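Structure provided below as structure tokens; questions to follow.
Going in written order, the chains are labelled A, B, C and D, and every chain counts its residues from 1.
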Amino acid sequence: MSVIVGSDTRLCVSGITGSEGTFHTLNNKRYGTNVVSGVTPGKGGRDVEGIPVFDTFAKAVDETGANTAMIFVPPAFAADSILEAADAGIETIVAITEGIPAHDELRVFTQLRRQGNVRLVGPNCPGVLSPGKANVGIIPAAFFKEGGVGVVSRSGTLTYQIGNEIAQRGFGNSSIVGIGGDPVPGTSFIDVIALFEADPETELIVMAGEIGGDAEERAADYIAEHVTKPVVAYIAGFTAPPGKTMGHAGAIVSGSKGTAAAKAEALEAKGVRVGRTPTQVAEIAVEILRGA
Amino acid sequence: MSVIVGSDTRLCVSGITGSEGTFHTLNNKRYGTNVVSGVTPGKGGRDVEGIPVFDTFAKAVDETGANTAMIFVPPAFAADSILEAADAGIETIVAITEGIPAHDELRVFTQLRRQGNVRLVGPNCPGVLSPGKANVGIIPAAFFKEGGVGVVSRSGTLTYQIGNEIAQRGFGNSSIVGIGGDPVPGTSFIDVIALFEADPETELIVMAGEIGGDAEERAADYIAEHVTKPVVAYIAGFTAPPGKTMGHAGAIVSGSKGTAAAKAEALEAKGVRVGRTPTQVAEIAVEILRGA
Amino acid sequence: MDLLEYQGKQLFARHDIPVPAGRPARSVDEAVAAADEIGYPCVVKAQVKIGGRGKAGGIKVAQDAGEARAHAEAILGMDIRGFTVHEIWIEGASQIEDEWYASIIFDRSAKKPLVMFSTKGGMDIEAVADETPEAIATRHVDPLLGLQPFEGRRIAYEGGVPADLVRPLGAFLTRLYETFVAEEAMLVEVNPLIVTPERELRALDAKVTLDDNALFRHRENAELRDPSAEDPQERMAHERGLTYVKLDGDIGILGNGAGLVMSTLDVVARYGGKPANFLDAGGGSKAEAITQAVEVILSNDRVKAVLFNIFGGITRCDEVANGLVEAFRQIAPQVPFVVRLDGTNDQEGRRILAEADLPNVHPAATMDEAAERVVQLAKEASA
Amino acid sequence: MDLLEYQGKQLFARHDIPVPAGRPARSVDEAVAAADEIGYPCVVKAQVKIGGRGKAGGIKVAQDAGEARAHAEAILGMDIRGFTVHEIWIEGASQIEDEWYASIIFDRSAKKPLVMFSTKGGMDIEAVADETPEAIATRHVDPLLGLQPFEGRRIAYEGGVPADLVRPLGAFLTRLYETFVAEEAMLVEVNPLIVTPERELRALDAKVTLDDNALFRHRENAELRDPSAEDPQERMAHERGLTYVKLDGDIGILGNGAGLVMSTLDVVARYGGKPANFLDAGGGSKAEAITQAVEVILSNDRVKAVLFNIFGGITRCDEVANGLVEAFRQIAPQVPFVVRLDGTNDQEGRRILAEADLPNVHPAATMDEAAERVVQLAKEASA
């Protein structure tokens, strides 16, 4: 088992003919992901190393049974592509694109929620890797192996750092989910934690948060009420000054709100152990896994 | 039993302080309808012959438990009032107002459908009368008595004509539902026919259609598939010239579409008896009721 | 409200939909001046709210001022299927490589706007729909979201648009949808939507129906109504706030409620009569409205007899009776009236009429009886 | 992007939100000319992107040209909580009967815009929220529907607005929402929103944050960015497309990925160091980006040591190493570097660095080790 992507994934890539799109599509395919098609308006009928390209998602779904989309188009076109995928019946949409206008995102989220039965991961995220099954996105799969640790994170490289430290200590992952660094992610910590809680393969959950918003605080409440599996957390940005956007559009301390300290406290108050460095997180996780 | 309005109705009237609003509210109340409140922005705190008036639907619902709204405000403000009622948790909205812009209606319908659990009757309709229980709208209740005939109609006065002819022959009505003459009614023939089919009190259904659109044709299909009770139909507008709007915004033959002849044919093809005059409709209905 | 072609094109231009440059004219001199300004060749087009102008000779190409004058003279005042040409539109001649079709209508069943597109333009779309339905690409639009770019592309691909024109068509449809929404139209239709040799898209015709109920929000559109082109009775009724449609028979009809009036027309027809009009005096008709309605009905001098069919709900029969008495006092009609009053305060109404003892007014007990009687009276009057 | 007060007001004016008439000035003479044009009394206001201007003496009323000159002289160049005043705004003095508060923000949890309103304006809204939360009326707006008239009324009633101002406030909020959507703002705040003695509503201040990601659709707004007011390093980084935030320490930081860089700052702080900056070289950083990043970091002359913390995913460690080698060739840095390379092509990267044998570059095996080392080196350099 795994969450969001796995052996049932039939992937269609929007923006497959762009250089980044082609590169990562082929990477994902080499990993074993079932990449069935791509979409680039105007390039229907071509192929990318054997992967057929269509003008519209509707046709890609009709002809290749795609159920998952990866969005690689530039920010100005990403909202349209997400809505197109959802309209065509795609159930899981992983949006890698960074820099989508916030009002576009609001419109997209509202529409997807209205449509129902569609999950959007991201945007501005590294994607989802389920080791040994499927990799949808840009997560470097080489550092991860199959195992029982589910990881959910607002940051890409930080996830690799933590995942790698866990792997070095001999443990693997069920799925690694990058929910992205935008102010309003399509999929939240809570959504993914709920999936991990229900996933039989996942034994322990690592969540890597950062400054800005209150998603970590809400996750803390959710964990206390609904999660039986151990959760280890990390929060980045203890030293971030207020009012400054730290790389991710969503990573900003506004006045006294969204600080790392408040998030760590909220998690610890609900019994979630919080590592102060990526290394500490890996150590705590391994300690729990060995004790279990 | 009855449909849409009945003894559980707790009515709140939007536009209660206007002269028409006051007149029909008091009429409805005198009939025995449970009129609990009214809404007129800026007149909160007043009352209309003991019926409390609020500035907002939210407050009217909170304080008087209203579950049904009647909309009597002018067309420019009607869409807003309907959305406000729905937002406040009102489940049944009867919009009497005539002349609401069509794009406002589209927006309202789409939003109500999205919200779910809200029924809009009308706009541009005479309302719903459930004899002996509740009258919400402007149907003159004096011509109708309790009984087993459910009437659904796009026209007000035509309904009175038919209803009266049936009453004169000794039969009464479960409910009389005016769905209104606008191109896109909130509640369709099919919706009401389904309610009558499920209503134990209703023995026979009369539907009065008219030119324009294909609601009658679709009702014919629905009746053939889902309705066990006898249905008698009337269609107005056999002599209407194409391209002319006959009073109701929705009553127009476009090219060769929406003619009375086509509708009558479609209904008869599915076994529904169609009377050619209101009197014939009453005669057929009575014949069936006496035979049953 | 239906717009004339050129009014529709001016609306399109406001929303950046490309249309040929042109000018309207109401006289031959104006037309020649317009043609000179636009340059030759230009097209002189009759402006009437009915199809089939081309076949009727209402569209002519002018190569020079002389031709422009000749065409304007021929077309102004021409009768096209019952409509007199009061205005013409002069526009630059377009080079046409391909003729397509695009429209947006209200789909009542789906409760959504419906975009229709076909590369088979320039002909009746209903014929295309009958013969080659697969040549029409359609898409329902979500009113809360609006037409999305992907939907425009999808329509283009499904419609078989050449690759280079997929995005331009998408943009064209987006602007057409914007027009539909911003102007609160019930219909926008471009037929033909042409492809020029430069591969540009252009609206060569424009059919626009605006929502009368929304005109209060669009003052500049409300002014497009051209009373001179309207039927005099319809204009008179419109000014009085009455719902009136002129028909070609000789029996004047008044009723309350659109459904009941339509039904009355049908019943009159069943008894062999021909109604002269549809007139809905409205719910809650007061005496004054009734008086005015009688004026409108009688201003049509084909009317030989009049039928009043009232089933009082909000409308009170005593008010109707008073209105009729007042109308007789003011107008003294020369034709017979059949009056059927039923419903709210019917006895009082009948009493008022009986007491007034109006000349040539015949009460009737039922709708059928009233219809039969008025038909008979009209026949007697014609004999 | 945060706007200055007057830029925000100009944006408001574009959407028919009433604001006092005013003019910006960048010099004393400009200010006096502006004041003369606007008339007296007028208000001279420092334009800085930080609160507390009034207390700091950055807002003064001028009764005549002499006072306007004196205030402009005092305020231009003034330092307000670390921000130098480069521009002032002169506006007509408003008569104030009441001070209210209105704002629209993005509510991340609800994924909807949130309208906030209070009749307790002119003070810090967070303080109002803490002390009298019931004095704030809020409403989430559906992005597909927009703010409906009834929602504006409801906010007004719940906020305790006097009856005569319920509709005006609704209209004000509707325009504020239009501004929020049309300009693609992340925040619009009016504090105070004043009531004048004539019972008119007016935005006396304007705080607007625009979405940087949407500026490509708003060219006129993109030009509002004022490079002269930006920190020189931040401007330099911005021009190179790097994500850089200046901090007040002495250890330069470069990493790939926002989360990893934030984490690096934290770990450096744990070892007692003070980071001089946040710099995310981005996913997939190529050699050239690395070279430019080193330039930006070193242009801050407080930097005593630099930490490279790379976990290669898309970013390849060999590219980073090549970029660093190239940076040393071009710039010849005088401060020590600690470099931690892990992830994609890490062995190749380490080999490149070892072979280049750059002066004063120290490899580290882990993030912790790297942080500890760079802190030690910075301390040595300061000693």
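What we mean here is this: contacts are C-beta pairs under 8 Å (C-beta built on N, C-alpha and C of every residue); 3 or more make two chains touch, one makes a residue touch a chain.
If you're wondering where the values come from, they're calculated on a predicted model, not measured in any experiment.
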{"item": "Both-way neighbours, i.e. chains that touch chain B and touch chain A", "value": "C, D"}
{"item": "Mean-CA-position distance for chain C and chain A (Å)", "value": "56"}
{"item": "Between chain C and chain B, distance of the C-alpha-averaged centres to the nearest whole Å", "value": "27"}
{"item": "Chain A residues counted as touching two or more neighbouring chains", "value": "107, 111, 114"}
{"item": "In chain C, residues with contacts to at least two other chains", "value": "144-145"}
{"item": "Touch-based graph of the chains, sorted into line, ring, star, complete or other", "value": "other"}
{"item": "All chain pairs that touch each other", "value": "A-C, A-D, B-C, B-D, C-D"}
{"item": "Interfacial residue positions of chain A with respect to chain C in the complex", "value": "41-42, 44, 55-59, 77, 80-81, 83-84, 87, 107, 111"}
{"item": "Chain D partner contacts - residues on chain C that touch it in the complex", "value": "144-145"}
{"item": "Residues on chain C engaged by chain B in the complex (per definition of touch)", "value": "106, 108-109, 111-113, 126, 142-144, 181, 184, 186, 211-214, 216-217, 243, 245, 247, 255-263, 265-270, 275, 278, 280, 283-284, 311-315, 342-344, 366-368"}
{"item": "Chain C partner contacts - residues on chain B that touch it in the complex", "value": "20, 75-76, 99-104, 106-107, 109-111, 113-114, 126, 138-140, 142-143, 153-161, 164, 181, 183-184, 208, 210-211, 213-215, 218, 234, 236-241, 244-251, 255-256, 260, 276-279"}
{"item": "Complex contacts: residues of chain D adjacent to chain B", "value": "145, 148-151, 153-154, 157, 163, 166-167"}
